[in-house]
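Note sheet for the following structure.
Per-chain residue numbering starts at 1, and chain names A, B, C and D are given in the order in which the chains are listed.
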Amino acid sequence: MEQINLPIAEKGVVDQIRKISDDTWDIKVFSPGIAKSSKAAQFVHVRVSEDFRPFLRRPLSVGPCSGDYLRLIFTVKGSGTRLLAQKSTGDVIDLIGPLGNPFKLPEDDEYPIIVGGGIGVVPLLLLDDQLEPDTPRDFLLGVRTESLLPVDEPEIKHRNIQIASDDGSIGFGGNVVQLLERKLSKLQSNRVVVYACGPGMMMYALKQVCIKHSIKAYISLEVPMGCGLGACQSCAVPRSDGDGYLLVCQDGPVFDATEVLIEPEVLR
Amino acid sequence: MSVDTTIRMGSLNLRTPLLTGSGTFGYGDEFGSIIDYSSFGGIITKSISLKPRAGNPPPRICETQSGGIINSIGLANVGIYNFIESKVDTLPMGKTEVFLSIVGDSVEEYVEVVEKLEDVSGIAGYELNVSCPNVRRGGLDLGGDKEAIAAIMSSVRTVTGRFVSVKLTPHYPVIAPVAQAAVDAGADALTLTNTLVGMEVDVERRKPLLGNVTGGYSGPPLKPVALAKVWQAAQVVDVPIWASGGMVNGIDCIEFLLAGASALQLGSVLFADPYAPGRILNEMIEYCERHDVTRLSDLVGKLETR
Amino acid sequence: MSVDTTIRMGSLNLRTPLLTGSGTFGYGDEFGSIIDYSSFGGIITKSISLKPRAGNPPPRICETQSGGIINSIGLANVGIYNFIESKVDTLPMGKTEVFLSIVGDSVEEYVEVVEKLEDVSGIAGYELNVSCPNVRRGGLDLGGDKEAIAAIMSSVRTVTGRFVSVKLTPHYPVIAPVAQAAVDAGADALTLTNTLVGMEVDVERRKPLLGNVTGGYSGPPLKPVALAKVWQAAQVVDVPIWASGGMVNGIDCIEFLLAGASALQLGSVLFADPYAPGRILNEMIEYCERHDVTRLSDLVGKLETR
Amino acid sequence: MEQINLPIAEKGVVDQIRKISDDTWDIKVFSPGIAKSSKAAQFVHVRVSEDFRPFLRRPLSVGPCSGDYLRLIFTVKGSGTRLLAQKSTGDVIDLIGPLGNPFKLPEDDEYPIIVGGGIGVVPLLLLDDQLEPDTPRDFLLGVRTESLLPVDEPEIKHRNIQIASDDGSIGFGGNVVQLLERKLSKLQSNRVVVYACGPGMMMYALKQVCIKHSIKAYISLEVPMGCGLGACQSCAVPRSDGDGYLLVCQDGPVFDATEVLIEPEVLR
């Protein structure tokens, strides 16, 4: 197993906050301890409220890092992310991280296809950075419609992200798993390794496709969490062999797609 | 002014009254360097059963509008054999006192688990969880039936001389009879309380927020209920009471001391704020300084009622 | 779209599922012109006992940090004779359905009070309060003992043909056995739940916030507990369930309907917001419109669980 | 009994808010329905939070009224009054009132002495206004120290208020009940009627003094309330004859001092 850095507690400082779309925000945080040691798919557990309302921390993937800074990119879903979106430059954010296991990087003979669904793209942005610059890859991102893109135009260009949209408003018309299938039909699939993160329904479909084509797929899962540290057993996902559960915060968030049962309802 | 934070209870001598609530702190090492053991009097492990338990279907945790959380872990644990094989060595013994929480489906299971642990040295004592809302049992209603609780406690007493606390559910209108029964059966302490049974619904999807529908409701909304149970029990039993329920700051903890608790378990708060033990200990010391109290233990049971 | 808000339960036909929680709405006229009866299906009076009761020493109400309240009224009421003499005439009959809440210290007392009320015309039914946390009783633990509850219900059944709901405490880990006992004894409905037992402490004065030390804990923190009880009971009984516990908005109410409640009691919320019934009814109607539900009653028990 | 106006629900509008001392605020509220019908010692039940945190309304005495406006003068004690102090001009306040029974005005042959303790002066300011302008009176106000005065200099002058301070920092050095006793020693006490409102300890002492001098005293009491409307029985105070309780919101807040048992601990 790869060497993983122990999680630390760090008070990050908001350097910059910007709105990417109607409900998606991108915060650049000064958090040297975590920024320097995080690997793709690891996450931070973020305290959103000092007065315990809401009560729990919120897990957020570490986005692209540069030097002492990391990026948190998130969609406002409920009260916790709403509070985070109200932060401004200079505000302190109580972080614990990096948590969880990172993506296993591709072997020399493997061709990585990165597949993001909506805000699930965040850990994949860091992965994209952590691949050797000269490693060829495909980076696919699905959204429902153009206005919900969780990354901006320059970032899409720079990373050469190929977009799929359900309503055809941008890029490929259809979902991102369909786009993946297209790609696969043009590649020698036993060399491909898929890296994916996205909503439950997408992960479900993606797993079927990867099984059909006998492709290795690493998926990063998102479920409600308590401690984030492997202590409370809140973040269980069923093993596909029926033998109990794995913990997303400790055994994941990255799993081999064949290891876990994907229940779209639970992952949301 | 320096405040004495130690608490003496029978054979026990704790550095501070702060313990961890079972199930919120794993087997004691998961929080790693994030936690400061020096603020703790001791830790209590996740409840351990005879056989491993996989636990309940996810989702297993949700928040409530009222500012609490509900969990339906379902007592997922590695079982006593795996525990002894692979977890005992990771217990933070030496750093703090270690109490093992035990759960079972029958009197015999409790006894068997405790017997196995008697060979492990360095354990300060046990907490018998007879009150978990997350598992359905056969005939025995272990959480409600005072005869069953007394049977478990007295049987466990025959196999251990170690300190034993019995952890009760808040689901009694009046706790006195069952508290008395546990003490009469040999309990060295009572833990009050476990979680309430609670539930939340997502009206948009018309589904419960938890896979198991209901779960254990903890955090701040539980505090007034646990406080009432601690006070009610303190009126009738003379063993120390370990409080558990919704404490998030030093004032909450002082409330429990005044109501009659000798030790204070921090549970859910650790998820939000793993630094809570140090912060809370400081807040309690500040209170003592402000009120010229030299020993935290002097506050125990000092509520003035008519 | 127009949404049908009526609820049918046996002989009852309520304009809306909204009722008042006993003890929060007096004898029905105290709110005067501030309340809009048209949003209600009915009102439930303060619990009435055989003899007048003075109630508990003040303070009788406090707030909790967790956003709820605790009361220790102690069932202060004028007693059945004064009630019949001076209060019956002020009941809002004609404006809405009127249910009388009854409390007693013995089976005989419940029966006697109901018998006296049988002569009063226009009463839609009774709610038997067998779960008040604020009074100590002799031998009978009326709130906990399912035999006692069954005895009260079956005895009351012999003297009235009117609709009767039995109101239970949330202090059971599992409500099924006692719910079943009440129904077998002839209850037409169950009310779930009464308040939790709770307490708050003023650490500066080292005193409880209530004169009676403990009291009944209600408002938002109670909601997840009451919801779990409603759901648990709905799995086993086939009489309608009247929900009570922490509802402050339409979404809360929809949660209870989905969990299996047919009627919804608004209690503490009326203190903060006496206009709540109208607001909440609108919020429920909006939900129905958004989800293409034509009748509120279609939502009852429609929670999807595996 | 005097004719009492039925309580109404009214959305008051903050016209002006000013700080009187470190923790005391004075809000002028446009609330024509209530302002025009309120009598001294009646109160409004104020919703402090739309989201039920804190849960209960707060009872506040109706202060001096002029035309369509009433004044609320209050000390910040906890979360509810803290929220009220954050109101600003134009904000809406949800009020129910006027509630409770007013002071019984003095008979022609009676000499009113008004005795306020701290913020308890508020209902007495309205009483002062409602006495016939040419009615002779004494108006005493006790405070712990000058900086805690709940009324400002001009108001004190205008109403000719005589101040007592525990620490002697202003006016008479001693408590206001001692000041009252001084007054009484100079008056023919069977003509005197006392109107009082203040903290529990003061009311307790005041009752003893009035009994000693056989003087009629009307006192206005403050206890925690639920409904404010006589429905919930939260606001009970013990009858002095031992026969149960009276309700502050319905039978009070004004009582004949001999009617009720004064428990300083409960009144705070």
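Definition applied: a contact is a pair of C-beta atoms (placed from the backbone, for glycine too) under 8 Å apart; a residue touches a chain by one contact, two chains touch by 3 or more.
Bear in mind that the values here come from a model prediction, so they are computed numbers and not experimental data.
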Partition of the remaining chains by touching, absent subunit C: A, B | D
CA centroid of subunit A to CA centroid of subunit B, Å: 36
Centre distance in Å when subunit B and subunit D are each reduced to the mean of their C-alpha atoms: 47
Per-residue multi-chain contacts in subunit B, two or more chains: 57, 67-68, 207, 211, 220
Category of the chain touch graph - line, ring, star, complete, other: line
Interchain contacts (touch definition) - all pairs: A-B, B-C, C-D
In the complex, subunit B residues that touch subunit A: 23-26, 30-34, 46, 52, 54-55, 57-63, 67-69, 71, 73, 76, 207, 211, 219-220, 248, 268-275
Contact set on subunit D toward subunit C in their complex: 6-9, 47, 52-57, 96, 223-238, 243-245, 263, 265-266
For the subunit B and subunit C complex, residues of the former touching the latter: 57, 64-68, 70, 131, 133, 141, 143-144, 169-174, 196-201, 203, 205-208, 211, 213-214, 217, 220-221, 223-225, 227-229, 231-232, 246, 251-252, 254-255, 258-259, 287, 302-306
